[in-house]
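This is the structure I have questions about; it appears just below.
Chain naming follows the written order as A, B and C, and within any one chain the residues start at number 1.
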Amino acid sequence: MSKSLLKVNNIEVVYNHVILALRGVTLDVEEGKVVSLLGANGSGKTTTLKACSNLLHAERGAITKGSIEYQDKDIANSDAYNLVKDGVVQVLEGRHCFSHLTVEENIMTGSFIRENSKEAKQDLERVYDHFERIRIRKKSLAGFTSGGEQQMIAMGRALMSRPKLILLDEPSMGLAPQLVEEIFAIVKALNKEGVSFLIAEQNAMVALKYADEGYLIENGRVILKGKAQELLDRPDVKEMYLGVGAEGQTSFRDIKYYHRRKPSFT
Amino acid sequence: MIYRETGNFVTNYFKDREIFPLKFDKVVVILGLLYLFLYVPTTSEYFLSAHVIPILAVGLATVGLNILTGLTGQLSLGTAGFMCVGAFGTYNLMLRVPDALMSLPFALLLSGIFAGLVGVIFGLPAIRIKGFYLLVSTLAAQYFVWWFFNSYAWFLNYESSGVVAIAPKFYDYWGLGNFLGVDMQGYPARYLLALVICIGLSYFAKNLLRSNTGRNFMSVRDRDIAASVMGISVPKAKLLAFFISCFYCGVAGGIYSFLYIGNVDLMIYEVDRSFTILFMLIIGGLGSISGSWLGAIFVYEFPIIFTWVGDFIFQGAFNTAVVENVSNMVYGVFIIALLIREPGGFAALWATTKQKLRMWPYPH
Amino acid sequence: MDWVYLIEVLVGGLMSGVMYSLVAIGFVLIYKSSGIFNFAQGTMLLFASLTFVKMTENGIDFWTSLFIAAGIMVIFGVVTERYVIRPLANQDLLALFMATVGLATFQEGFSQFIWDSDVHGLQMSKFLDIGLLDPAPIFMSDHVPWLDILIPKFDIFASLVAGSLIVVLAFFFQKTKTGLSLRAVSDDHMAAMAVGIPLQTVWAVVWAVTGIIALVAGLLWAERVSVSFTLIEAVMKALPVILIGGLTSIPGAIVGGLVIGVGEKLGEIYLADVFGGQGIELWFAYFMALMFLVFRPQGMFGEKLIERV
């Protein structure tokens, strides 16, 4: 049993003082694992990630209940900067590259917290090794690169802080299936180097394929959790998320049975 | 609970699109209109002349700025300049067009159209220039208009003092006053004219918000490229917004000079006034018509109430400079606090409160 | 054509352009580091110079006053960041602009409330023994016989100050790590926070530095014109300057200033008759900026607009 890195205990998040986005999310990322967070649009994946990286307040959101622990320390009151220093970094949904900076400058912004500039140079090489595609474009403005390249820039930028845990939000958004596979292969490679991942994804098939564990989230609640392979094998998950249901039409009454069971956490 | 949102059933689409779909709201609006039309004119001359009419004028300008800035997202600091066009336009129309052809309400609306056209000219750069860079165009409008009326004395009928009093005959309305036996230059009559114009134009603005044109404006504000991809002509939308907005400002300028102060004075249309109206807009809330009126009332009344408090409690301890400075400080703090707490201004504050009341006693 | 006269006009224009640039630098610094169009720059100038002048008038010596005024501006910058900018990070830029308008209003009231609304003069040569602050101008005819014009020494001093500020800031933004991260912040607040740039700290520093620049600019303006409410309006002239130069460009601030300064003087001489009226300098700068922007919407050196759907 490996050590738990990030522990989210039953958090509740409210936007703008009135909109309840999360109503109790509990999850656990163990060291060296890739954990996927699956769910439809608006189910609360991004909010969960932003709660973990303390970016909520910038969107007028706040955690009203529950706690988040990273390496057994409560991080509810630390800010994004200190979290990055401690090794948690988020790659935002929709890439958010600095469009007026060149690709290389973009990646270098990720090394702000590092004092040693020589190491940063080495890390830059390491990023280019992982993402060969952007090496050739390093002098062009990030605003003019393609979606896949921007995703790589965003991930490379996050890598520059030498994180222990990367919160990856929708890496497949707007990308060709081949590129999605490429991105996830890199995720796996980085994971081998010891980086843990919490990935929010809509493309459940790919996400579960590369993950160790998965959580299903709906309407701001975790409704199901389990090993990635177990989830892939479940008929209800297959039907609802993977689109490869049992033969013929299934009645909705039959397939939504997991809703009626209370999620049990150990 | 008297106020409830349930139990209102509509049976046709026309009813579904009403501005006030709730029965309770309808009753409130009708009572409010009765109050404004029947009771307010009978209050004191002082109340009408020092509070109500100026608020109607600046509030209308705020609604105009709201159409440009709140609805279409084009920042403007030229509001006072466009008001100035309205005021001078009204004056010259009344002065130079034979009396038989011109009457004050028509002059106000026509000069609004002048102001709208001036606005379109200064709005033209908006087709190329975006964001904060557009400030330069509206500031150019503000300063140019001011300089223009200051330099060409013809517009002031060669009045050397720079201020022209408005002749009583301008309030003649083709002899309507004599016919009805009412003093049309008196404040109640002035107030009613301003009120009718303001309610009419607010109604128009409210409907504009819900119309196709209004939605085009909002899409230009939110993402102009996406709007153009959707087939909306962005230049047309921007210029139309400039026209409508400046039309409102022009009419407001005419009301300010003719129905409130009673003279045409260049000094009241300096750039400071543009800022005051911008404050009204921010405090009231961008994109909300009723918010604009609330903002106008707040910003206009605050110094008055503050002076009154000073006189009453501190026996006149505050001179005008102190009142002005403290008012500025309060506006500043208020704007910042409001933006932090609720970027949507009074209007959004009201909406959040309503949402909370709906959920009450549950927090979410 | 009288060449000497033309040169005199050009020099005069350049010098007044430098004064605009001094204000513009502050604007650009904030814009470049946060994407915020800081409308309060003018009132910061007023507040800083008024604080300084009131202290010297009360008998405090030059360096102490300067030190205290700089300290107050730093505190002001940090407080602004903490209570105005930080809660609004990642909000709509229009909302942030409005907040600085609120800040300007507050400061306008505040500085005149605690000090006064009178017109104050400042003569730095009374305190500082620097040759360039000597009120006697340089007679160019002493050096170049045919060039019979005067150049106030103070204008040269102001140009040197502006020039060195620009060199330092341009170096800072292009070559240092913090400069790079500030440029990143102005592009996207959220992403900057996500990669671990401590927005709060860097913004507090930027606002403090802007406060000090406002003090420097305020003192130079005070020496050249005077300290009073009109300073805010004079500062409005800096708007076309930064827009011509490009909101994101530090060198643009100085080039824009010179263009406006010279253009305004030339316009006054050659165009005033055409328009049959005096005082075209009231709007001429805005029209120049407008003409310029129609052809180049991002200003002279501004960052290219990158627009993708």
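Keep in mind that, in the parts below, a contact is a pair of C-beta atoms (placed from the backbone, for glycine too) under 8 Å apart; a residue touches a chain by one contact, two chains touch by 3 or more.
Since this is a predicted model, take the numbers as computed values, not measurements.
Asker: For the chain pairs A-C and A-B, which is connected through the larger number of C-beta pairs in contact?
Answerer: Higher C-beta contact count between the two pairs: A-C.
Asker: From the centre of subunit C, which other chain's Cα mean sits the farthest off?
Answerer: A
Asker: Let me have the rounded angstrom distance from the C-alpha centre of subunit B over to the C-alpha centre of subunit C, please.
Answerer: Their C-alpha centroids are separated by 33 Å.
Asker: Which whole number of Å gives the spacing of the CA centres of subunit A and subunit B?
Answerer: Averaging C-alpha atoms per chain gives centres 48 Å apart.
Asker: What is the distance, in whole Å, between the centres of subunit A and subunit C, each centre taken as the mean of its C-alpha atoms?
Answerer: 44
Asker: Listing for subunit C: what residues touch at least two other chains?
Answerer: If we look for residues of subunit C contacting two or more partner chains, we find 308.
Asker: Report the residues of subunit A in contact with subunit C in the complex, numbered from low to high.
Answerer: So the residues of subunit A touching subunit C come out as 53, 55, 58-59, 79-81, 83-85, 89-92, 96-101, 105-106, 108-113, 117, 141, 143-144, 154, 157-158, 160-161.
Asker: Which residues of subunit B touch subunit A in their complex?
Answerer: Per the stated touch rule, the residues are 352, 355-356, 359, 363-364.
Asker: Spell out the part of subunit A that touches subunit B in their complex, as residue ranges.
Answerer: Its residues touching subunit B are 14, 16-20.
Asker: For the complex, which residues does subunit B have touching subunit C?
Answerer: Within the complex, subunit B contacts subunit C at residues 73, 75, 125, 128-133, 135-137, 139-140, 143-144, 146-147, 150-152, 225-226, 229, 271, 275, 278-279, 282, 286, 321-322, 324-336, 339-340, 343.
Asker: Note which residues of subunit C are touching subunit B in the complex, please.
Answerer: 37, 83-84, 87-88, 91-95, 97-99, 101-110, 112-113, 117, 233, 236, 239-240, 243, 247, 275-280, 282-283, 286-287, 289-290, 293-294, 297-299, 305, 307-309
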